[in-house]
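What follows is a pair of complexes built around chain A, which joins chain B in one and chain C in the other.
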Partner chain A sequence: MRTLVDLYRGTMRIAVIEQFQYRVANYFYMIGMIAEPVIYLVVWSTVARAQGGSVGGYTPGAFAAYYIVWTLVRNMNIVLTPYAWERRIQRGQLSGELMRPVHPLHFDLAFFMGWKVVAIALWLPIAAILIAAFQPTFSTTPLGVAGFAVALWGGFLVRFFLMWALGMLTFWTTRVSAVFELYFTVELLFSGRLVPLSLMPEWAQQVAGVLPFKWAFGYPIETLIGQLTPEQILTGLAMQAFWILVGIVIVGGVWRAAVRRFSAVGN
Partner chain B sequence: MSSTASAIHVSNLRKTYRVPEREPGLKAALRSLLRRKHREIKAVDGISFDVQPGEVVGFLGPNGAGKTTTLKMLSGLLYPTDGEVRVLGHVPSRREKAFLRQITLVMGNRNQLVWDLPALDSFELNRAVYNIPHASFVRARDDFIDLLELKDLVRKPVRNLSLGERMKMEFAGALLHRPQVLFLDEPTIGLDVTMQRRLRNFVAEYNRRTGATVLLTSHYMADVEALCKRVLVIHHGQLLYDGALSGLVERFSAFKTIGVTLEDGSADLSAFGEVMQRDGGRVTLRVPKADTSRVTAQLLSRLPVDDLTVEDPPIEDVIERVFAQEKPQ
Partner chain C sequence: MSGFKLFVTFFRIGALNEMQYRVNFFVQLFQSLLALATGLFGLALVFEHTTHLGGWSRHELLAVMGVHILMGGLIRTTIQPNMERLMGDVQEGTLDFALTKPADAQLIVSVREVRIWQTVDMAMGLIVLLVAVLHIQSQIGVWQALAFVAALLMGGLMIYSFWLMLTTGAFWVIRMENIIELFQGVYQAGRWPVGIYPDWLRTGLTFLVPVAFAVTVPAEALTARLTPDVLLGAAALTALLLFVARRFWKFGLRRYSGASA
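This part shows the complex of A and B:
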């Protein structure tokens, strides 16, 4: 256990140094990422005003709160994609990782955790500017803030494990990107990224409840902006725990077969 | 040799790849949508050998001979199709942590260090990965920095290093945990002669100090000649030779070269053997091994010879001839 803690500390340290080294590039990346929620925010705020001040309970201030927290959650949702898995196998990087006496998943997890620490630090000034520009209204409770602190990382873990599991398809097919595109479309619709889920039709909300995407994206946002009751906050954390467990079970179950399948020809 | 005492034991090892195959062109592409054809390729075809602890063995073969596939099976990256492999008593394909902690695989065209950071950061990460006690880590790291003359380089980002400098760093990083078995796959590829020599010296020194077992593949015969007393020659997935490097010439070369310096450099010597080279008064002849004594005696008795030498052909030539052999049908 001490070895693993040492490994996580070491890898996170590397990630932090590496990301700070590219802080300007990271900033440009984050600023570029803001365009998407700002467009959604402007559109929905306009709709809310046109409809007498709110849509589905969201005022322009509530939309601003939603999409400002969105920018942080979106950053926390960035994990190792199947595209990176393809590159990792095609360039033979995985061979080197398999030579280490530690499961490669630990490196990825620790690396992205380190990256998230930097992302949060870099996000704070951006959030300050967005708050000043869009005047969000939060109805947050202390439980909401505490729940959000856990849910933010819980969402990261849900997406991390599921993306890792999806990425392992690369062991069986060399072009996993096509599958990922399909996955990504479903995720976009049912995660709360495009639009707050409470504005979606009832059936869509029910579907979103049984899929993992909402628990990685929309749920942490709603926790902080004060859209959820204490029971909903706790249920959400339980759902995150459930999906993290599902991800771990899939990764654990598939990994052995995946490594056996790994042919490493020419890599 | 007893296989139980061997650092590496390989018996009847096979690896067969199943690869998709189709003719070129649109028609063939459409046909392959409905019915995919596959072909089985025997990359390694029943090889057996043992390597004793502390031995440095060269693994020779042309491209596609099965060297890298074998190394990958020995290091646990590939599952054998058939046969038995044991490295330090472990079955590599089980990828046990105790096994992975005792081996390393250095590939000449691979980078395992963090690209954007100084190598010192990667070394520190490797300390955590291999759970190296701090004192041992510092000792090994400083040792390698001295041996490989890395002092001015370890603080530079890896991306700013030359290929040779990077390879030295790769070696240092890969050996920090003091592995007992080193698999080196073309470690000097693309390096200049000086850097090749430096890395060779380093491997020899590591082997001398730690008694580690080394299995080395290289296309540079200078690497093999400097480090390996014993070589394995693999071709078309089969082991053609396992023995002393010097015995390779004996086994595969049916010829000797005779160098003759004559007073009259224009004399025609084609009656004595195949004229390989003519350089002023110096003529190099290739003659069948069995005829060497007779031809030498004739040259000395019939011609005004100033100097005469009898030599084995260069090892590169012998290897080239072995590699040129067609696959047995």
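This part shows the complex of A and C:
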């Protein structure tokens, strides 16, 4: 157990140093990402104003708050892309990783956790600019802040494990892009990334309720900006824990089957 | 050899090349359909809560979306792949092979690549546009149709000039890959008419990145919003951008000393 903690600390430290070195590239990437929420924000603020000030419980200021926190959550939601598995298997990198005495998942998890520390640090100035430009109104509670601090990382873990499991499809077929794209589309619609879920029709909200996506995206945002009651915040944390557990179980099962199928190519 | 013949030849080679990978057509079709479904869903969602957005009705916004998909397909069929290759060539020093060819260098680097499967998006954009126009039911005469085609062409030329200027920057700043991400992000803004954006953003989308002229103006031509002076302004700006892009390209080229062995 101690060695595992050391492994995490070491890998995270390397990731932090490495990503700070590429801070300009990181910034370009983050700025390119801002266009998407700004577009949504402008569209929905326009709708809210046309409807006499608010739509679905959101005023233009609340939309601004939603989509500004969105940018941080989006960054936290970036985990190992399932496409990375193609490379890993094609180039035989996986063979080397299998030789190690610990599960390769630990290296990925620690690396991305370290990167997230950098992402949060780099995000702060961007948030300041967005706040100045769009004047959000937060109705944040102390419980909301505390809940958000946990939910932000909880959301990261939810997505991390599900994506890791999805990527392992590559062990069975090489034509994976269609499946991945379909997954991403469903995720976009039912996570709260496109629009706060309370603006969706009733049926869509019900679908979103049984899917894991909103616990990784919309829920942390709503926690911070004050759209949730204390009970909803606590239930949400429990739901995150549930989906993390589901993710771990799927990863464990699929991994065992996948490694049995895998025959190495390359070095 | 005329520039047009050169373009046709490269187009044929590119098409033949991609014809070898026919499955990619279905992959592209699937992805385009997903993108279309997402776009339609977003549009439906907006109009669940309102009847007009910034003075545009549902079907008029569908027309904007059609133009956006059509133009996006055009960009990804020819403009973007050529500029990506140019960036790669500058990084690796292989641009010299293009420069030593006995034709205008700007022409060569602008027509070498073509991704024909991306034309799926152009076809899809046209279909969306057609559906939208049939629903709008405003009389579209010859003049509106001509203005639309002219606005679309000029928008394409402006985007091309913009891309060429950006890519020419690679002569100084070697690593430009993230610029592509940045452009694709900003281009998404064109899905909605630029009139809804705040002033500072609208100015940026009009003159900094000519998304407004590439998407909103052609859509205005189809929805009886376009005034002749906007069209004239677009023509003037197109000429100016083409001129500036060419000068900047030549300036960058003079500075470029080659990197290959």
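To be clear about the criterion, the second predicted complex is superposed on the first by the 265 of 267 C-alpha atoms of A that agree within 3 Å, B and C clash if a C-alpha of one lies under 4 Å from a C-alpha of the other, contacts with A are read in each partner's own complex, and residues count from 1 in each chain.
Everything that follows uses one rule, which is that a residue touches a chain if its C-beta (ideal position, glycine included) is under 8 Å from a C-beta of that chain, and two chains touch if they have at least 3 such contacts.
None of the values given here were measured: they were computed from a predicted structure.
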Which partner does A:L194 reach: the first (chain B), the second (chain C), both, or neither?
second
Which partner does A:G52 contact after superposing on A: first (chain B), second (chain C), both, neither?
neither
Applying the document's definition of touch, where does A:G96 land relative to chain B and chain C: first, second, both, or neither?
first
According to the stated criteria, A:F28 is in contact with first (chain B), second (chain C), both, or neither; which is it?
second
If you stack the two complexes on chain A, which partner ends up touching A:I14: first (chain B), second (chain C), both, or neither?
first
I'd like to know which partner A:P142 touches here: chain B for first, chain C for second, both or neither.
neither
Residue ranges of chain A touching chain B (in the complex, touch as defined):
3, 6-7, 9-11, 13-14, 17-18, 21-22, 92, 95-96, 98-102, 259-260, 262-265
Looking at the complex, which residues from chain A come into contact with chain C?
25, 28-29, 31-36, 38-39, 42-44, 46-47, 50-51, 55-56, 177-178, 181-182, 185, 188-189, 194-195, 199-201
Contact footprint of chain A on chain B as seen in their complex:
17, 72, 75-79, 95, 97-98, 100-101, 103-105, 107, 110, 112, 114, 116-117, 121-122, 124-125, 127-131
Contact residues on chain C for chain A in the complex?
27, 30-31, 34, 37-38, 41-42, 45-46, 48-50, 52-54, 175, 178-179, 181-182, 184-186, 188-189, 191-192, 196-198, 201
